[in-house]
Amino acid sequence: MVRVGILGGTGYTGLELLRILASHPEVEISWVHSERFSGASLEEYCPAWRKRVTLVISGREVFDRAREVDVVFTALPHGVAMEYIPKLLEATRVVDLSADFRFRCKETYEQWYGIPHKAPYLLGEAVYGLPEVYRERIRTARLVANPGCYPTSVIIPLFPLLREGLIVPPIVVDSKSGVSGAGKKASEDLHFCEVDENLRAYNIGTHRHGPEIAEQLSVLGGKESEVYFVPHLLPVKRGILSTMYITLAREVSEEDLLILWEQAFSKEPWVRVFPQGRFPELKWVVGSNFIDLGLRKVGARNVVIVSAIDNLTKGASGQAVQNLNVMFGIDERVGLPGGVLYP
Amino acid sequence: MVRVGILGGTGYTGLELLRILASHPEVEISWVHSERFSGASLEEYCPAWRKRVTLVISGREVFDRAREVDVVFTALPHGVAMEYIPKLLEATRVVDLSADFRFRCKETYEQWYGIPHKAPYLLGEAVYGLPEVYRERIRTARLVANPGCYPTSVIIPLFPLLREGLIVPPIVVDSKSGVSGAGKKASEDLHFCEVDENLRAYNIGTHRHGPEIAEQLSVLGGKESEVYFVPHLLPVKRGILSTMYITLAREVSEEDLLILWEQAFSKEPWVRVFPQGRFPELKWVVGSNFIDLGLRKVGARNVVIVSAIDNLTKGASGQAVQNLNVMFGIDERVGLPGGVLYP
Amino acid sequence: MVRVGILGGTGYTGLELLRILASHPEVEISWVHSERFSGASLEEYCPAWRKRVTLVISGREVFDRAREVDVVFTALPHGVAMEYIPKLLEATRVVDLSADFRFRCKETYEQWYGIPHKAPYLLGEAVYGLPEVYRERIRTARLVANPGCYPTSVIIPLFPLLREGLIVPPIVVDSKSGVSGAGKKASEDLHFCEVDENLRAYNIGTHRHGPEIAEQLSVLGGKESEVYFVPHLLPVKRGILSTMYITLAREVSEEDLLILWEQAFSKEPWVRVFPQGRFPELKWVVGSNFIDLGLRKVGARNVVIVSAIDNLTKGASGQAVQNLNVMFGIDERVGLPGGVLYP
Amino acid sequence: MVRVGILGGTGYTGLELLRILASHPEVEISWVHSERFSGASLEEYCPAWRKRVTLVISGREVFDRAREVDVVFTALPHGVAMEYIPKLLEATRVVDLSADFRFRCKETYEQWYGIPHKAPYLLGEAVYGLPEVYRERIRTARLVANPGCYPTSVIIPLFPLLREGLIVPPIVVDSKSGVSGAGKKASEDLHFCEVDENLRAYNIGTHRHGPEIAEQLSVLGGKESEVYFVPHLLPVKRGILSTMYITLAREVSEEDLLILWEQAFSKEPWVRVFPQGRFPELKWVVGSNFIDLGLRKVGARNVVIVSAIDNLTKGASGQAVQNLNVMFGIDERVGLPGGVLYP
């Protein structure tokens, strides 16, 4: 049994970690921390846990109990995670759900997050936690930087094409996300009446996931990438659908592009390539750890790619648990939700 | 032209007042006040007003400009309204959208709102602003206490039956409201992800609209009423549907009950009695000032009554403008929205 | 392993059966039938099953393969189920999700469903599949009539009070249901634009679940019950919240009522009694097989009871699998979803 | 007074025409036709009209009463409109809300709509009803082809830039639409449970509005355009948000692009250019006839453009009435809704 601790367990990603880990057969939750709800039982905080999990939420004392666990998930805010992680790493392994260790380059982080990095010497060691790309390095990593939700939905479909040199920049990424991606904290912008029946683009050209996507695509494509990324806020709770517009370096048929994907993903337990003419929808992935992929040629060298994930699962906590599985030699399918609540 | 001032113009009821008054042919908006957005133009605050109304939001200075207007709408929080209203009444007439002057009895107010009343001597003078019931007194009122949203949906269908002594207590009122009734302020409870796909009962037996309903029904029925009132929060922006369960004092047919309503309401411009077998739905009233009514006999002496209103229109700002029309001798239909946005 | 066949597997209750059974460790799905999609693979019909379950949907031929399975779930329309069930019972056991065998009294069925009953001789043998009430009889039943969704939400909270003679009629039941309760078939009434942002009461006093509730409450209370039942259609996919208004036969405190429930339900794996002052919400049950209960005294002898279920799980397919567990001596918790997708 | 007849008055665009025309001060509705609801009163068909408009829905007989009206709105299905329009034009003017006369080129129509054109000789005469572009020709037109909803949201923001030769192909258009765009007819795809909490791309590269956009952009830009258009179905009732990605032919600053728009649109009553850094959202336009525009530079020559309309108003019936105003010399602002229902 892998013993697990969770820091920041009462936000939406923390609760999603609990949802998944509570039924993971090879995991034991040692402690769950939350500054704000310390001392409360999980079921008081969230009645969905009544008659299911009996667990008291811990306070700061658990920072000294890292030695008791095999891995800590840090679901803390950006900037806060990096304060604790160096200390945690002395005692255990870490999967960090914040953005603090996702960039290779300190300057990019500091430019986009607007704060000095407190542990830049770890940026080289941290492994970007996308198992489909970095599986081998994740196995032995001490520190896994769990990817952002939008980047997950973009990098997975694109990297097999990039690797083959098939994409000519720029890449247009038009993403649409459910509201849970913005977290649980109250805000006038996330008031039901401001989101319901609405749609809006936000942070056009300035969203922090833009440079995260760009850095990864540059690394994987072997040259500077050029990405135009626009996120939109959907009136749904969960789910990201990304529509990508790419130009091919040479003519390739729709069939061959699908074969390329199939070769890359047929053994991947959590990537599903849709057959020609069918496309991903949020409802086929929400609640599961799957990323669904579809594509269509719309011009001789123009392709539209559609991907769908649950932003809290494959886009955050599910991927974190998939990383745990990789890190501890567990079959990657184990303990992760495959079913959706349909309808 | 009736000159109007609005105190507290940037909450949902304030904005609904603006929506209605901006196209009211006999009204001129002199000033709109908001502490928080003072100095901003209306279109900066809310882009829906671009190319429509040019108006700068005022600050506290307008409290001294009551003499310039014929009537002030106070869309201020409970407890705050009563601080300013005595002074305002020296200069103008007031339609108060808060609860501060809705009760005849100071003690009831203080018990339910938990604060001492600052102007109890006005409680006797204030007129409960339900035109269908108190039209004559509203005409000449200096201070109109605009009814609560839930009470509007309950008192209108019941008073014709109460007046005839047709109802044996208790009355069960099961109400369901859209989220805008809770106001615009950010709160974790009103976060999109907490409301969407959810339904919950709240303040069971303790909602402040319970005693408001009870006081009015007691007055109108001529004896102490007994009401069990349970509100629910719906995942919609606007609308209240109230389902009421009453016991008849004697056997009356469904047809005769409908005739009784028709007699009471055929000349009312904003009350619609549905024909036998058809029932109100939110979608037929949202955006309009109508209250729709329907009923069905379900036992020899048991009747189910359904009413529907838009909580921000007939349940708040629309009713306030209907009161303005009555107060200034304007046809009650003028300037009020009758159409809905369907679908 | 219990071998299972499903008739009518592509409606919402059929798909929910599949969702649950696919991860039930003691069940093996032998065949799934659907007239309309016969021959298609499950993943073609519903892409959520890709990389999860490989299964071809069967046609009418499986009616002759009842002998291969230990139990058949009939998720067929009312009126159709009773055509096949007598034959099926010659070969296997049946859990029927239609209404065809829910009534003890043939006349009540025929009056409310408007068709002659084709197998009235089975009405006496069929067991009403509410494990919390009829567990012992379900163990050995050949034919289990799985309860309606609304009745499940009403009978469970009320029967412990009825059994103690604590309730004086009438009982008011105001229920609100998500749209999946109406099935998957296209209809103008269920068009997104007709349901979204709307709420409506329907079949007031004439819904077929009214007599089902009344028959059960009469049996359990030992005397004719009097129930006023009004269902409402919510703009959500899943979930029923029922608000019940009852009069007590004698004064009992809120605490004692909660103790009564605790005594009845503390050992029930799928019933959760909420602590004083807290109440069920859809979001704490949707996706799970739980029924959550809460109550509040609102008068000396007046109580408001709130219950919440997922209409497709505890209200249909989850309960059907709970019945399977009882019928085959499996722990009732096994294979049933306890977690919800929150947010 | 302009006398108006409506053919196909009970679909969503027909009802939206009624919503607008009923309060248009210079219009008189002579008759409203609907095959299916002929003989019913408007309020029977749609209770939102009770106590507002008394009108009996007409049948086929009105096809012979075109001479009584000054203009007919044809809100008939594609393919059906062109059967009746030649005859109608002998007696009156026509604003056609179908796609039948939107293309200049018969072959394009036949290729994309899959049926032979029945009145190709009218294609040259028909004027594409976008007043911001074709106002002068609309004034005297006998037949106005009211634009598609998606094309309206795309052509208006792009044509001032195209006219200046500022755009290098290709143009990426990622559009998101509410469900009312698909019409009122029941369909499994539009069932509440299939749309709610979902998002899907559809008709990728094959939507019929693609060639409509391409033809107009080619005409306006003076050379063959290259457009990649992907529509998505949003879980909202009304509204289209289009996000467009363009490459500039030369470097132009964000400020200068906004000035270009201001020059094109400052006198347009229904086009609103948002100030730098602010972007359109559905909630600021739904229910109104406005199109809102915003843009941001994201690279030296890369621009993201966002537009928002109500698909039933500016995207269909509102634009049709704007065309009526142009055709009959009425101020374009008259009778059209500017206000939104916010929240």
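To keep things simple, chains are lettered A, B, C and D as they appear, and every chain counts its residues starting from 1.
By our rule, a residue touches a chain if its C-beta (ideal position, glycine included) is under 8 Å from a C-beta of that chain, and two chains touch if they have at least 3 such contacts.
For each chain, UniProt lists the protein as follows: A, B, C, D = N-acetyl-gamma-glutamyl-phosphate reductase.
Small disclaimer: the values here were computed from a predicted structure and weren't measured.
*Asks:* Please work out which of A-D and C-D is bridged by more C-beta pairs in contact, and write that pair.
*Replies:* Spelling it out, more C-beta pairs touch across A-D than across the other pair.
*Asks:* What is the chain whose Cα centroid lies farthest from the Cα centroid of chain A?
*Replies:* Farthest by centroid: B.
*Asks:* Quick check: how many Å separate the C-alpha centres of chain A and chain D?
*Replies:* Here the centre of chain D sits 39 Å away from the centre of chain A.
*Asks:* Between chain A and chain C, what distance separates the C-alpha centroids? Give it in angstrom.
*Replies:* 37
*Asks:* Please compute the C-alpha centroid of chain C, do the same for chain D, then give the distance between them in whole Å.
*Replies:* 46
*Asks:* Listing for chain A: what residues touch at least two other chains?
*Replies:* In chain A, residues 12, 180, 184, 193-194, 196-197, 235-238, 281, 283, 286, 343 touch at least two other chains, as defined above.
*Asks:* State the interface residues of chain A toward chain B in the complex, per the touch definition above.
*Replies:* Contacts found on chain A: 12, 179-180, 184-188, 190-197, 235-237.
*Asks:* Using the touch definition up top, name the residues of chain A that touch chain C in the complex.
*Replies:* For chain A paired with chain C, touching residues are 12, 15, 19, 22-23, 46-48, 50-52, 180, 184, 196-197, 237-238, 269, 272, 274, 278, 281, 283-288, 290, 292, 338-343.
*Asks:* Which of the residues in chain D come into contact with chain A in the complex?
*Replies:* 170, 172, 174, 176, 193-194, 197-202, 204-205, 226, 228, 230, 232, 234-239, 241, 243, 245, 279-283, 286, 296-299, 302, 304, 306, 343
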